[in-house]
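Next up: the structures, one after another.
Common to both upcoming complexes is chain A, partnered first by chain B, then by chain C.
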Partner chain A sequence: MAAARLSASLVLQPRARTLRAFSTSVSPATRSPRPSPSTTERTSRYGRPLRRKALPPRTEKMAVDQDWPSVYPVAAPFKPSAVPLPVRMGYPVKRGVPMAKEGNLELLKIPNFLHLTPVAIKRHCEALKDFCTEWPAALDSDEKCRKHFPIEIDTAGYVSAGPSVRNPKARVVTLRVKLSSLNLDDHAKKKLIKLVGDRYCKSTDVLTIKTDRCPLKRQNYDYAMYLLTVLYHESWKTEEWEKTKTEADMEEYVWKDSSSEKNILETLLQIKAAEKNLELSKEELLGTEEVEEYRKSVVSLKNEGDNENTLSQYKESVKRLLNLT
Partner chain B sequence: MSAGIMLKGMTRLISSVHKLDPGRFLHIGTQAPQCLAAHLDNQVATESPRAISRTSENDPAKHGEQHEGQHYNISFQDLKTVFSHGLPPRFVMQVKTFNEACLMVRRPALELLHYLKNTNFAHPAVRYVFYGEKGTGKTLSLCHSIHFCAKQDWLILHIPDAHLWVKNCRDLLQSTYNKQRFDQPLEASTWLKNFKTANEHFLSQIKVQEKYVWNKRESTEKGSPLGEVVEQGIMRVRNATDAVGIVLKELKRQSSSGIFRLLVAVDGVNALWGRTTLKREDKSPIAPEELAFIYNLRKMVKNDWQGGAIVLTVSQTGSLFKPRKAYLPQELLGKEGFDALDPFIPILVSNYNPKEFESCIHYYLENNWLQHEKAHTEEGKKELLFLSNRNPGQLERLCAYL
Partner chain C sequence: MAAVPWAQWLRVRRGLCLLLTGRRAGLCGRAPSSRFYSGSAAVPEVEGAGATGTEEVVIPKKKTWDKVAVLQALASTVHRDATAAPYAFQDDPYLIPTSSMESHSFLLAKKSGENAAKFIINSYPKYFQKDIAEPHIPCFMPEYFEPQIEDISEAALQERIKLRKVKASVDMFDQLLQAGTTISLETTNSLLDLLCYYGNQEPSTNYNFQQREQAEELEEATEGSNEKPKKKAGHQLGVTWRAKNNAERIFALMPEKNAHSYCTMIRGMVKHRAPMQALNLYTELLNNRLRADVHTFNSLIEATAFVANEKLEEKWNNILDLLKQMVAQNVKPNLQTFNTILKCLRRFHAIGKLPALQTLREMKAIGIEPSLATYHYIIQLFYQHENPSKGSSLIIYDIMNELMGKKFSPKDPDDDMFFQSAMRVCSSLRDLELAYQVHDLLNTGDNRKFIGPDHRRNFYYSKFFGLLCLMEQIDVTLKWYKDLIPSVFFPHSQTLIDLLQALDVANRLELIPQIWKDSKEYGHTFRRDLKEEILMLMARDRHPPELQVAFADCAADIKSTYESQDARQTAPSWLASSLNHIAVLFLRAGRTQEAWKMLGLFRKHNKIPGNELLNEFMDSAKASGSPAQAIEIVKLAGAFSLPICESLTQRLMADFTLSQEQKEALGDLTALTSDSDTDSSSDSDVGEGK
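Moving on to the complex of A and B:
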């Protein structure tokens, strides 16, 4: 194109010389130093300020073992020329691929954590270490930690690169404590378990209280501690109406005053009456070894449920009680 | 010497005759295979399988450990009287097909018979509960013990399936005796008829000890035989449930006196403490204790009487609102049931052991029940073993197809 123009201007020039009298104004303009076509700088024929050609992106000059935290020291939007990864994002057109990173608005919209690489975080921690105190040397095992600090508090903080630092999920506070570390007697423990319901896990003996009803984390933490205190003190108190606790409310089977005891007593009394052996009193009957074994087998049957072991134990004890061979 | 050879030849002939017609019902007694084995030591393998599955000992009282796994015959007479309503329906079909009723002697039943033989009739009645998975033979073990007691001349009070009483009852009447309870006339009258056939000879001997007034015109005087009460129940269907209640009360009271021995056998006793599917007119559900029959039966299985035994089974088949896999006594009886039956002896009925399985297969083969050509091969037996997992009910259903 430029060559064609040049040849046209070369052809024009002799004509310009012959027509010197009429076109002197034309030649100086065409004679100004013309740039070679190999240079990338574009000229404008219409008087706009010259624009520099784009430099190669910084990624091409990046070494593999460079110091990344200096590229992204703070939270910054995604700069495709500064991130050396060949990232693609976007819904592809038919028979196409997702869009490349150059000029990709999708990559700009989402928050990025390029300023929080492990190296950067390590450096932050190193810097923060000067403000920290030593870990106490006496607490070197988990058991000791649990023994001296039985209450465990779980909170979560959320980091997001967005317009606001607040996150409503950050107000949740979870309090975990093992009931064995609390000073509870039998009645208090049962009452506490009944009061908290699902929040107690029987297999791990852990009470979990999760609070998020207050707007601030600090307030939720105070509320959780308050709940624990109230539960502890309430479970130690015994109310009037607790005396009306029935068999259906019991957590585990209690042999005394149960119908099983009554049945066995009646049966034994009838056996003794048949054998004209009325000297034994109720307490003595209940205190014999066979009845003791029977009691144990019934308790295990009721608490553990049926299985071969408990059933065969029960069978043996009944056989011995009723004197069957 | 020659006599010995002749004897050998004769026995060999007999054995070949036996081999030629396998279809005949051979009642080889327990004594016979032993003497055969003594003479034909090289032919023991073919002779003993046939002998394993049967025994000629038809009296349950004499059944012992050595009969374990063998089938014994129940006479048709006994079938009509004792088992008029007791046998499971599939077994009844099998009896009709084979034209004979053969029951296998198994360990749980033997255990129970041992206890029954050693019962002390002065002590309160002991309760025995058969439990086990579906199809393992609880009902038939119960029937075995009933047969034993019938032969020993006990009075049999057999409720074939307690579940039938708590579901699908078309007509419920308000009880004449107690306004809160409900009567089931149809079921009661059928049961009374069967009870009569089972215990004819007792009904004239036992006398009622109280006067019972049925309505303005009819009443039963004190001292009249129990048969009259039963007749009244059968004829006047409205009073049938009350008749049943009276029978139960009288039997309980009088068994302690020692005139007779009472066996209470209930199949599916967990129905007594479960739920019912019956509803009142206003669609509110009825609890089991509001049914007069269930109420009286509960009193019967309590152990406050002497002079007999109580044999029960808990079964999931036919039970209401219980999961299919439930078979353990506490699961099926629930808390109420367990407390009511405590103390009892639980007896587990399990699947066949290998000997019993072999015996069952041979019994079917003898009766030409297994028509498949591979049924008698080892492979066929292994397949059946795998498919049925040695479960008697499952095996019976499988063999029905072969």
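Moving on to the complex of A and C:
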């Protein structure tokens, strides 16, 4: 029934051929009585079907000026019969050449970007321009962008082939803001930095908050903004217990009331006592220029670390202080 | 010269999902009134930061679009690849189908694989419960085809109706009646719907692609042959409405019937070809002072056309009566009404033309937009008898003018027959401009969907290409050839013969070997008439030497196909003309060895060589200066008792110097031939021969 119907519907030469049996409705009684020869399945006289011959690859028919994005419109595996380039890939055996493209597994394994030639990308951009709105005219430089929009949010979306569109990695939200754009005074800034810890990068002055604890991206974004708000407000408040901040909690070296100050005062007083010169008081001693210089050199040494400059500065200031030059 | 409309957007074959092209109206970024402001992903400002610039930063409102708009926009940047097979097939030289039958069977194989998988999933649903699709895709999950409710109740009946189990639901209905429960009117109506739709038979599981195709085939067969009105043919197909079947029984049992019940019964009867009963039931409906709905009226119009043994004018009057009743009952007609009228008018042949135009005008007056099926019926009506001598109507031009640039959406099941009939008319009118217009219409918007199934598309393109070969310049035709074949349709051998004749007219015979090479690819290796046409065209005239060499290669190829065919079949397939042509081509290209082998084939297949061929052989024998060959020829001519043998012998004697034994052999030969001459008497022959 199936074979007869098809031969009625399609104008064929009288050599109708059997269809390979398909599972639904061909009944045995209606198959045509003998298998007739077909063009590609050649049956020899002995009834064994010979191999189907392959067509020549369609690269032979391609014109030189054809529209390549139409041949590879989407990401597709490398098809040697459709790519008219004589590429070779593979490790050559001794005195040989790399393998040709037909049946080359190496060419199939690697990702190819045949669908994203510059022509194709240009066309895509043209087509997608309609979906875009104009860039605001006032934001024509990076600084202005940073000035008007100091907070930057990073999110990532993922597509993959499969029945599910969800990807758990898509819920991560990263919020970046420069602390210089926040309205913080010295204490607030120090407190904020203490509160966030690792998330602050000193060299670029950027606070990075990365949230992924909520299941949805939207929720994570709200949480990140909430964290920023809370940090800001908290850092402006001063708690009772902050008064008990000791020297070990200080972020940078402060010379006032430090052991170095005490030491130098003691030393100077001892010197002055040895010279029987007791008129100068502490404040006057501290106010002298040498002590100032000494203070500066010690502060820079402690804050910046040891290098040529600071060490030599310290040396000079000590020498001057102790009148050794 | 007509501009070449490139066949863009040519879609894939056979009822597969389409890539929608062009940008949808869902992209609503343009009109400001339809912009939706969404909380912009642009960054909010931190309090206290204060964007106090001298200029104001105006952030434009975000555009929104529907889910596929981006994909459609990207899809509009690519076009059809003219060398590729449709995407449903694997793009490998070994796996691309080489004929339309192969492509049909490949697609059927794919579909049957899907059906087999669905069958397995639905038979063992408990193994297929894991659902990783997010959001949920219901059609991937197994379906339940067995009714769950086991007890006898109305809910069980409704479930069986929903699952389309005809027999089970009728049994359940009977059981309920026996148990004495009353069944609500709606449930009974839905049961009647089920029975009338399926004609009291179970819906078959392979309903999808087998039966509908058969219905179409026979329908076209009935349309095609117009000389003998085949009203009864094709009616053996499908289900007929038997009297006193379940539907009628249940209908009779119903305590109360409303309009819906009558309507369903009428429509069922008409669908399964019981028009008289349908009309009787309609009178009963009117007697009960109920109203019918528009679908019922459509079925009734069809029923009046089906009634046998009535004259056509009466039928038309009946239809008009029905329409008047429709107006009286305040039922608005829809597109189907008019399409049904036109479909029935088609059977009225010549006298249906005027009513058809009236119907069309009425349709437009009411404001119903005609669909492609409407125009298809009109074309069928006006161009039924393809007899150009009688003068064809010019309505096709009006139709095409009206349809230019319009985009259609599917409204009627017969919409996909329009393009086929339009192209058929263009082909019979031999009008290429019109054909281009039709093709442009096909490529507007989404109209490619209406090309129909495989065989219709093949028909359309065969006619189109045939017309191009006939009427268009050869360069344009060749461009279309490269574009359409074989990626859009596989040509018949007749189409290729048309192309060859077009090449002949335009004096481009050098393309013949290329055409032969191409046609081997799509399954014409063993088409005898095509091969003969090629050989005839190649061998007809003398050509420059390089071309001759190419032709000789082609001829050798064709010869090998003949031989391989011989190896398989017992009946030889050679024709004398093909042998002639091949031999001539070999000779002209200077492949004399093979040409001489051909002579052996003549004898083997018992075919007679032509006179010019023998003369050419003689020339070549003279050119190579071998009298033995010349004697061979004469012997061959003698063996076949050809009248030319005489002149050949004389030529032999004149041109060649023969040795003595050769002359004697020749003498015997001529004696034999003159012996077998029927004109002269035996005695005088013997005397002459010596």
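Everything below uses one rule, namely that the second predicted complex is superposed on the first by the 193 of 325 C-alpha atoms of A that agree within 3 Å, B and C clash if a C-alpha of one lies under 4 Å from a C-alpha of the other, contacts with A are read in each partner's own complex, and residues count from 1 in each chain.
What we mean here is this: a residue touches a chain if its C-beta (ideal position, glycine included) is under 8 Å from a C-beta of that chain, and two chains touch if they have at least 3 such contacts.
Keep in mind that what you see is a predicted model, and the values were worked out from it rather than measured.
Colleague: Which partner chains sit in contact with A:55 here, chain B, chain C, both or neither? Use first/second/both/neither.
Modeller: second
Colleague: Name the contact category of A:306: first (chain B only), second (chain C only), both, or neither.
Modeller: first
Colleague: For A:275, decide between first (touching chain B), second (touching chain C), both and neither.
Modeller: A:275 contacts chain B only, not chain C.
Colleague: Now for A:233: first (chain B), second (chain C), both, or neither, which partner does it touch?
Modeller: neither
Colleague: May I ask you to decide whether A:194 touches chain B, chain C, both, or neither, giving the answer as first, second, both or neither?
Modeller: neither
Colleague: Hey, is it chain B or chain C that touches more of chain A?
Modeller: The partner with more contacted residues on chain A is C.
Colleague: In the overlaid three-chain picture, which partner chain does A:210 touch, first (chain B) or second (chain C), both, or neither?
Modeller: neither
Colleague: Examine A:245 and indicate which partner it touches, taking first as chain B and second as chain C; both and neither are also allowed.
Modeller: neither
Colleague: Go through the superposed model and pick first if A:109 touches only chain B, second if only chain C, both, or neither.
Modeller: A:109: touches no partner chain.
Colleague: List the residues on chain B that touch chain A in their complex, please.
Modeller: 114-115, 118, 120, 122-124, 126, 303-304, 306, 328-331, 339, 342-348
Colleague: In the complex formed with chain B, which residues of chain A make contact?
Modeller: Contact set of chain A toward chain B: 258-260, 263-264, 266-267, 270-271, 274-275, 294, 298, 301-302, 305-307, 311, 314-315, 318-319, 321-325.
Colleague: Can you list the chain A residues touching chain C in their complex?
Modeller: 2, 5-6, 8-13, 15, 17, 19-20, 22-25, 37-40, 42-45, 52, 54-58, 61-62, 66-67, 69-71, 73, 79, 81-82, 120, 123-124, 126-128, 130-134, 136-139, 144, 147-153, 162-166, 177, 181-183, 225, 228, 232
Colleague: Considering the complex alone, what residue numbers of chain C touch chain A?
Modeller: By the definition above, chain C touches chain A via 23, 27, 29-30, 41-46, 48-49, 51, 53, 55-63, 65, 69-70, 73-84, 91-94, 96, 98-102, 104-105, 108-109, 112-113, 115-116, 132-135, 137, 140, 206, 210, 213-214, 217, 221, 454-455, 458, 482, 492-493, 521, 523-527, 564-565, 567-569.
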